[in-house]
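Please go over the structures that come below.
The same chain A turns up in both complexes below, where it pairs with chain B and then with chain C.
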Partner chain A sequence: MSREWKIKAVLVIITAAVMAIGGFQLYSHRHYMTPIIAGPGVTKATKLSEFFKGLKGTKADTNVFFLEGKEEGGKILIIANTHSNEPAAILTALVFLENAVVDKGTLIIIPQFNNSGGRNTKPGDGYPLYFEIPTEWGNKKFRMGNRNASPLDQWPDPDVYIHYPDRQLLSYLDVRNTNRTWPGRPNGPLMEQVTYGAMQIMRQEKVDIAIDIHGAETMFPVTNCIVAPEKAMRIATMTSLTVKAREGFDNHVEPSPQGFRGLSHREIGDYSDALPFLLEAPTPFLDQPTGPKSVDFLLDGKDPFLVKLSKKRKLFVPYDETGWPMDKRVGQHCSVILEIIRQYSKKFPNKQLKIRNIPRYAEVVKNGVGHYFHNPNETDKKDIYYN
Partner chain B sequence: MNIKNLKKWLGSFIFIGGLLFIFFSPGMAGTEIPKTKLPVLITSAGQSPDVMTINIVAEEAEIKYDYCDVPTAELLGAGVGLADKEPGPGFHVEINSDLDKFPKGTPYKTIIFAIGASLKGMGASGLTVESEISRLKELIDYCKKNNIFIIAAHVGGTSKRGAPGSDNERMIDTVVPFSDYIIVTKDSDNDGRFSKIAEEKGIPLTQIDYALDLVDIFKQIFQ
Partner chain C sequence: MPVIMITYYVICVYLIGMLVWNFIREKKSVNDMILYLTVLIPLILRVFRIK
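== the complex of A and B ==
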């Protein structure tokens, strides 16, 4: 073999090795299952495909849990990981799923709404594939997903995504973004089918409140807030004023724009009787001018470049060397959800919801979110589901 | 301990307790809260969304109010019901007054200005900073001539403040010195501007920690 062929052979072997190692990592990530535990309040576990059969057998199908109280009351749907790179959402949903006890009304939880996005990553941004939350019984490991569904599950992308039914022109990427494909349709692209499935839950179950949990950049004005349309504005405002006065954290209200289509806080309100709320917690990891996208940064939200930008008043939230830790984000979400429920129950006493055993902001910050996760090794197998 | 000493001790205890209550009573600081009467119109000075906060807080306090974001002096003079004006683009009206107690046309006794400038809000109503100020001046003139009690409320904090001469400060200049009562959140008054105007003009002022504290204030004002 000549020298030239030897070099070519070595290069081919190196390329094949890189592809094999990288491919194996991505394959493992896509198929990794996080055990999630149905807590004492769970009365029914089902799949999104129960509400729209077209999702059955696809990677877009996902777990749906019902926590039904003994007394009838209002119904609330919590949607998490619409964007799987905003993981405070799934952590909050699991705090509710593993701990909530519902005395009155019904709580429905979809912990991994964009299941395909949860099995996708963003290698160009150097995303970690996993992150771990410390608990009293060891670390709980989660997949770190991406904003959009995987092209392995929905392909090809159009040049421009034409929103259904308003025909607004959106970015081509938004065809895989489950916060642009609302209200969806049964014969649309897969992600429109996902949002359609959720709309079917809301219509069939007559859901009163729909909460979509997110995270947003500190450099983006719509951060640290509750986004609500006109019909949910009163409850959102009272929630914002109350958490500020009683629990000491800011969470302002942003109106849902009528002219920007496809978002949960707009379409759920327009196409169902539910009052929608989209919660945004500051997520420094999502900002662009930062250091490496490490797991530590994802969890503690500390970044020296953002500190400098904060000093130049370029951020939309107060930010210093203490960052914006995950516990704070999850704590905010827990308190805001509980307060929305309280305000709704006050306004509509015939549709009250009574949910207990959920920590508020200060408790989550003090104990850490991992404190609220149960050990799968000490849990009855029938109560363990895989996400 | 004999009875005389006990009385002395109790007296001191009540006095110190009273002082502590005054200094540390939660939420509010400032002068005695004045009383005023319904019907009330809530409006904006500067068209920021803070007026929605005031509306929602009034609703929470179970105050039945009318609302118009851009009333003119003529519309204010039409009294409760605001002459049945229909809402339209850039013009919002809500009639929530108790029409049994205050039939349409009953003159307003109180007006609440939610102060805060928003170019977006003014633009949506076809206003400029100048035309908004001129509208506010006409409204205030009307209120003064017709004994309508003016409440100036600023709950937007530092984000609704600015350098001297900025839009927010001009709204404050237009309304606050002519008001009969000022309510501000502590962060809105962190430079003491509202306190200074209140002192100079002899206007009662209440400083609150949070906008939510307005619920109690509104309940007391309209007792």
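== the complex of A and C ==
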């Protein structure tokens, strides 16, 4: 064999090895299953494909949990991980799922709404593939996903995404973004089918409140807030004022823009009877001018570059060396959701919701979010679901 | 399978053929050989539908 062909053979072997090692890591991440424990309040576990059959057998199908009270009352839907790179959402949803006891009304939870996005990553930004939350019984491991669904599940992307039904022109990437594809349609791209499935839940179950949990950059003005359309504005405002007065944290209200289509806080309100709320907690990990996107940074939200920017008043939230830890983000989400429920129940006494056993902001910050997760090894197998 | 999808696969196969051909023909530049192999990766994954 000539020297030239020896070099070529070595290069082919190296390329194949890189493909195999990298491919194996990505394959493992895509197929990693997180145990989700159905707590004492869960009365029914089903799939999104129960509400729209077209999702059955696809990577977009996902778990839907019902927590039904003994007394009839209002119905609330909590959607988490619409964007899977905003993981305070799934952690909050699991706090509710594993602990909530519903006395009146119905709580519906979708912990991993964009299931395909939760199995995607962002290698160009150096995203970690997993993160772990410390608990009293060890670490609970989660996949770190991406904002958009994987192109492996929905492909090809269009040059421009034409929103349905308003025909607004959006970025081509937004065709895989389940916070741009609302209200969806049964024969559209896969992510439009996902949002259509959720709309079907809201229509069939006559959901009163829909909460979509998110996280946003500290350099983005729509952060640390509740986004609500006109019809949900009063409850959002009362919630914001109450958590500030009673629990001491800011969470301002942003109006849902009428001219920006496809977002949950706009389309759910326009295409169903539910009152939509989108919750944003500051997520420094999502900011661009930061250090490495490490797991520590994801969890503690500490970054020296953001501290400098904060001193120059470039951030939209207070920020210092203490960062913006995950416990604080999850605690805020828990309190805001509980307060929205309380305000709704006050305004509509015939559709009251009574949910207990959920910690509020100060408790989550004090105990850590891992305190509220149960050990899968000590749980009855029938109560464990995988996502 | 829609026509656009078939077209994508045909384009991928064509590009793979061209890259392999160029890789074989390249005599000196190791840099170019590495580039040909790197560009081949996503095309091979697409054609063989490796997720």
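Keep in mind that, in the parts below, the second predicted complex is superposed on the first by the 387 of 387 C-alpha atoms of A that agree within 3 Å, B and C clash if a C-alpha of one lies under 4 Å from a C-alpha of the other, contacts with A are read in each partner's own complex, and residues count from 1 in each chain.
Following the convention adopted for this analysis, a residue touches a chain if its C-beta (ideal position, glycine included) is under 8 Å from a C-beta of that chain, and two chains touch if they have at least 3 such contacts.
Predicted model only: the values in this text are computed from it and were never measured.
Participant: Would you sort A:Thr43 into first (chain B), second (chain C), both or neither based on which partner it touches?
Facilitator: Touch status of A:Thr43: no partner.
Participant: Answer with first, second, both or neither: which of chain B and chain C does A:Pro255 touch in the superposed model?
Facilitator: So A:Pro255 only meets chain B here.
Participant: Contact-wise, after the overlay, does A:Ile7 reach chain B, chain C, both or neither (first, second, both, neither)?
Facilitator: In the superposed model, A:Ile7 contacts chain C only, not chain B.
Participant: Please indicate which partner A:Leu152 is in contact with in the superposed arrangement: first for chain B, second for chain C, both, or neither.
Facilitator: second
Participant: Identify the partner contact of A:Arg234: answer first if only chain B is touched, second if only chain C is, both if each is, neither if none is.
Facilitator: first
Participant: Please work out whether A:Asn357 is in contact with chain B alone, chain C alone, both, or neither, and reply first, second, both or neither.
Facilitator: neither
Participant: Please give the residue numbers of chain C that touch chain A in the complex, ascending.
Facilitator: Touch list, chain C to chain A: 4-5, 8, 23, 27, 30, 33-34, 37-38, 40-41, 50-51.
Participant: In the complex formed with chain C, which residues of chain A make contact?
Facilitator: For chain A paired with chain C, touching residues are 4, 7-8, 11-12, 15, 19, 23, 27, 30, 152, 156.
Participant: Considering only the defined contacts, which chain A positions touch chain B in the complex?
Facilitator: 233-234, 237-238, 241-242, 244-245, 255
Participant: Which of the residues in chain B end up touching chain A in this complex?
Facilitator: Those residues of chain B that touch chain A are 49, 52-53, 56-57, 59-60, 209-213.
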